[in-house]
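My questions will all concern the structure given below.
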Amino acid sequence: MTAALPVLILMTSLVPAIVTFFLPQESHLLRNALNLGSAVLKLALIVAMLVAVAGGAIYEAALPLAPGLVLLLRVDEIALLFVSLSATLWLLTTIYAIAYFGDKAELSRFFGFFSLCVAATTGLALSGSLISFFLFFEMLTLSTWPLVAHKQNRASLDAARSYLLFALPGSAALLWAIIWLESTTGPVLFTDPPDLGGIDPWSQRAIFALFIIGVGVKAALVPLHGWLPAAMAAPAPVSALLHAVAVVKAGAFGVIRVVYDVFGAGTVVDLGVGVPLAALASLTILWGSIRALQQDEIKKRLAFSTVSQVSYIVLGAALAGPYAMIGGLVHLVHQGLMKITLFFCAGIYDERAGIKRIDGLNGLGARMPWTSTCFSLGAMGMVGLPPLAGFVSKFYLGLGGIEAGAPWVLAVLAASTLLNAAYFLPLLYRLWFLPPAEDASGDERAPALVAPAVVTAAGSLGVGILAASAISPLGWANLIVLRGYAP
Amino acid sequence: MTGLTVFALTGAALVGLGFYGLLAARHLLRRVVAFNLIGSGLFLFFGAAGARGVGPDPVPQALIITGIVVALSATALAVGLVVVHARAAGHAVLPEEPEEPEEPKDEGAT
Amino acid sequence: MNALVAVLALPLLGALAAVALPPRAGVRAALLATALTVAATIWLLLAVARRGVQGVILGGWEPPLGIGLAADGLGAAFIAMSAAVMGGVALAARQMMAPDVVGARAAFGFWPLMLLLWAALNAVFVSRDLFNLYVGLELLSLAAVALVAIGGKEAALAAAMRYMIFALAGSLLYLAGVVLAYAAHGTLDIGLLAARDAAPSDGLALALMTAGLLAKTAIFPFHVWLPPAHAGAPAPASALLSGLVPKASFLIILRLWFEAMPDRAGFAALMLLAGLGAGAVIWGSLQAMAQARLKMIVAYSTVAQLGYLLLVFPIAGGDGAAQPWAAGAWTGAMFQVLSHALAKAAMFLSAGLYLAAVGSDRLGDLRGLARTMPMTAFAFALAAVTLMGLPPSGGFTAKYLMMTAAFAAGQWYWALVMALGGLLAAAYLYRPMAVLFARESLIAPRPVTRAAQAVPLVLAGASILLGVFSAPPFEFMQIGRPDAAEEGL
Amino acid sequence: MSLALDLALCALILGVALATVAGSGLFRAIVFFIVYGLLVAVGWVRLGAIDVALAEAAIGAGLTGVLLLAAHGRLRRLGTARDASHGAHLLSALAGAALAAALAWAWFVLPLPERPGPELAAAMPRAGVENPVTAVLLNFRAWDTLLESIVLLAALIGLWMLTRERDWSGRLGLPQHSRAGGVLASFGRVLPPVGLLIGVWLVWAGADRHGGAFQGGTVLAAVGLVAAMAGLVRPPRIGARLWHVALMIGPAVFVLAGLAGAILAGEFLTLPPPIAKPAILTIEIALTASIAATLAFLVLGPPEEGRAP
């Protein structure tokens, strides 16, 4: 069972993906049942595993490909954190997507690639070796492309091209880094950082930089972030997937793996590459916020907000200290919950009221109270108002900055909070305090669309309020750091 | 200088001459002729090499006969191609640059 | 009687039957021969896997008098590759090469030529005799040229003519080397040659043979004949020509440099070969980007993909053969051969289906076909994944093994070429993908059956599975390798 | 004396070859090429290789020459070719000279290797034939010869693929306009019986003295061609099945005999000594028939109904 469970978890999204491709467009019921059923099954399996891993169990499954090429699935605490996040959000996004698309065209293709994306994310979360991570990372790249291009209009195709234009060179950089590293050290497993003694420090720095470029594209680090705002051309469930469940998260997760499991936090500090990375992350945080401020479209503003927020995770990893690490890890979850709430809501505004731009939000709070409440919770969380989720992350990141001897982090956090407030609060003001437009319409009689948003909004409230409990993401992050991620 | 050397060097010269013809000639039939010159020069060289030492070696002779038949087969197909190509194109010369198949008037090629 | 003889005799007999029988019966005989040869190939694979190298001493006459054949892991893997591609092509050709589609002439010629091509490939893959390889190569070249000419149009004839000239020149250069080898060593057997003392003329012999084979393999800068020829042939023929034919002459280069005369290979020569390969990767990719027709893109991609193969020489050849990374690099190149064959056949067959559906393979005419022919688009996409070298495809395994070995050998620049080649492949394959995926469809396509669409999908899927299950083929190809390393890098 | 003779012969060969490559006029080049082939055949006699001499004269000079002449006739009305630039000529000349020099150099450094002489001597008694060249061709290296006969067939199928679709059902070659009572006709009446005899004898004698299936087949093909030109027989259509059987019977018998050897004697293409001679003869007869038909069809070319000769 210890070998089978991770494989089984992977299969719960891989098998439905393949089956879905061959389902005729008309068989809605079968397709929906398949996707929802496997999402629930997956979540159940993960919960079972969570309990076991909390008790100290280790799950491992290996498939040797060629010499040096081993597909290794290994479940550790950090893998579980990511995989449980993505599985939970996958279930919610599936419900949302089924309601969102109704009976539009090409749904078998959509849900096929959607499941494939989640399979890839699961795989890279559970990867126990560098090359497995790369394998699933690339699978994610490829299966995302048809989703971004799903509408098949010019804007979507351009967005999809721009995505590959960033992602593929990123992959090349990542592969280059892996091969450069492994040609000296042999296959790198995440159980303990490899011995880098055979590589001179400057080469090590170059490899680190290549790694960061490789995963940084997906994490949308400035200046590799250009594809993410462009990808807003995709339908709302895809945005949720990109921003919260899979893609940028995979990038951020990759940064954590590179810092803590490939190089080791100590080496990162010794090489002096942590501070530049933290600086880059800070730049991304500020730049993303400033750009978000300039957007008039809701989804564009949210996209730049993601650019900014994901770099909190990178910042946490780069500072390479226990508190910062906790902050980064916990933000992986918090940002996911909050951002998916916002995208769900943006999709509902678009779908039910035809509103894409910020000035259309005026007075919508009264007309669409559930959606607007969820949106407000998500936004306030992003700003970092206690006791919402974002506050917890920022608090730990701040502590981490001080601990790592980088008090300037506090300034970055403060500036970012101000900017966050500046680009989110006007939206809330419009929602609740401005009179609606004359010809305003729209309702929220779509429970399957609204319910996922309510759940995630409640979640982002809950993880903040209950942060002190052991089963909260913060508790789990603490456990991870205690179990061996403390440098 | 022995007789064998004379034949071997003749063979070498024929190969060179044929190679020159194959590269320099524009008329396709001339190229086919040049190809045959190279072949027979090569065989002459081979035959001379095989006749060294004690008595002639039958193995090169057999190989050469095989080679001659193979060369004839290639020549027959090549000649047929020259004829149909020339008939279609109006001249027995290949263009300098390969053209795009099926839609030769197109601009997309190289 | 053994499996090796069967994979040689069955396609030959099938071809002869296809010539002798009336048209309908001829096609049936050809299909039967195809099925039997595929079965014999599986038999051979099992035999090699269980009992090691399968050899035949033809007529019972030992070399140097007679000719020896041997199916080592490498040869058997190549035979399996041709069986996979031939099987798929035969299924596709039942419709694509039917008399009411291509006319009585092409419908008659395709089957015997396909089977003769198959026999020639298998003969080359197992022959241990340099002159026998020459005869096999000639059979291969003539059948291949004829398959190009089957297209019938003026441009196809010009392409066939150009192909013929390169093939002729290549044959003669190769033959010149063979003559020198026999004149100096009195044997043509690869194993016996390796055991003889080096002669001063060996360098020249090796150079001549290699030059001739490079021309036949369409290695840059001898590649000019390939794109028009492969694009001008009917799609099933293109699949064979691009996927399989260049691999035969490449295999001979490999046998010469790694088995017959490994100690005569100077490092400079090895680097020159790899330099040509690098040139092919870059130039072929750039040319592919500039093409407006799907088949031309796919054909130029062959030029580029063949270039990777030559990068193996400085990494694993010469003195490198004894190094721990040699097995990885060498096997990586073989993975490239196999996965390229499957992917390229899938791509050409897909192109053929599009051609059948809309009557054109101009990119502009293919808009929106992913919607009407999703299986074909998916097959093309999977094949593209392999050619780009993205995981988990066979192309990725190939690149990973070769790049790791290149780094280990201190020749990181070849790894750079491979990485760059992958990106360029993504660039030239993106255009057709995006066009297929576009929404608006300009031409109402004729219907294409699902069965016909399944063939390229299966081939492309196989090229992916080759990467997912790469351990067994890796082990298999080490069977009978002169200095097989137990552990790769 | 003999060296002087060789030198003179080789000088002549080179001179004619030069005229073939560099001379003006395609027709003249082809005629020179035929002369060249005959001179090379004489050279083979000087080298003591009678079988090769026969093959070179019959195939290298004869059939190749006829092929080239026929092609020249069909191309006559087309425009003449532009010539290559001087730079291209110079480069080509350099490449040719380099290749010739390399081979010449190789001649002087070639070691005299141990050759399969002892093995050959030991094997000849079991070979079934007296002529060692025939033994190599049809027994020791029978696989080469089998493939070679298939190469011929592949060339023919390839040539037929060059037919225009509308001509596919027509008779092979250009339409015939034989003139009854002409010289060719009477020549054509006398020659076939003689040629037939020569061809059969060449096959028969090949076993022990000189000749063989390829030389004999060539003569038979020539007989058929002359008969066709004289209007005695009409070339068949591509669809004529019986001729297809003639094309494949040689290789088919060869493969089947090889398989029989594999089953009976253990290895593919084994000819057990007691039946080696009859087996070789059977194969040779079938091969000769196929070779004769294939060569004749190769010279006739694909059907061309719609065009006057």
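Just so it is clear, A, B, C and D label the chains in written order, and each chain counts residues from 1 on its own.
By definition in this document, a residue touches a chain if its C-beta (ideal position, glycine included) is under 8 Å from a C-beta of that chain, and two chains touch if they have at least 3 such contacts.
Just so you know, these numbers come straight off a predicted model, no measurement behind them.
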| item | value |
| --- | --- |
| Chain closest to the middle [Cα centroid of all protein chains] | C |
| Centroid distance [mean C-alpha coordinates] between chain C and chain A, Å | 42 |
| Averaged-CA centre spacing for the pair chain D and chain A, given as whole angstrom | 73 |
| Mean-CA-position distance for chain C and chain B (Å) | 25 |
| Between chain C and chain D, centroid-to-centroid distance (C-alpha), Å | 31 |
| Multi-chain contact residues (two or more partners), chain C | 131, 135, 138, 142, 145-146, 149, 157, 176, 183 |
| Per-residue multi-chain contacts in chain D, two or more chains | 99, 103, 110, 115-116, 120, 141, 144, 148, 151, 154-155, 158, 162 |
| Graph class of chain-chain contacts, one of line, ring, star, complete, other | other |
| Pairwise chain contacts under the document criterion | A-C, B-C, B-D, C-D |
| Sites on chain C touched by chain A in the complex | 327-328, 331, 335, 368, 371, 374, 378, 385, 388, 390-392, 396-397, 399-401, 403-405, 407-408, 412, 415, 419-420, 422-423, 426, 430, 434, 437-439, 467-471, 474, 487-489 |
| Chain D to chain C touching residues, read off their complex | 99, 102-103, 105-106, 109-111, 113-116, 119-120, 123, 139-144, 147-148, 150-151, 153-155, 157-158, 160-165, 168-169, 238, 241, 244-245, 247-248, 251-252, 255, 258-259, 261-263, 265-271 |
| Touching residues on chain C, where the partner in the complex is chain B | 131, 134-135, 138, 141-142, 145-146, 149, 151, 153-162, 164-165, 167-169, 171-172, 175-176, 179, 182-183, 224-225, 227-228, 231-232, 287, 290-293, 295-296 |
| Chain A residues touching chain C - in the complex, by the definition given at the top | 21, 64-69, 71, 106, 109, 131, 134-135, 138-139, 141-142, 146, 149, 151-153, 157, 160-161, 164, 168-169, 171-172, 175-176, 179-180, 182-184 |
| Footprint of chain D on chain B - complex, ascending | 1-21, 23-27, 29-30, 32-34, 36-37, 40-41, 43-45, 47-49, 51-59, 61-66, 68-77, 79-84, 86-87, 90-93 |
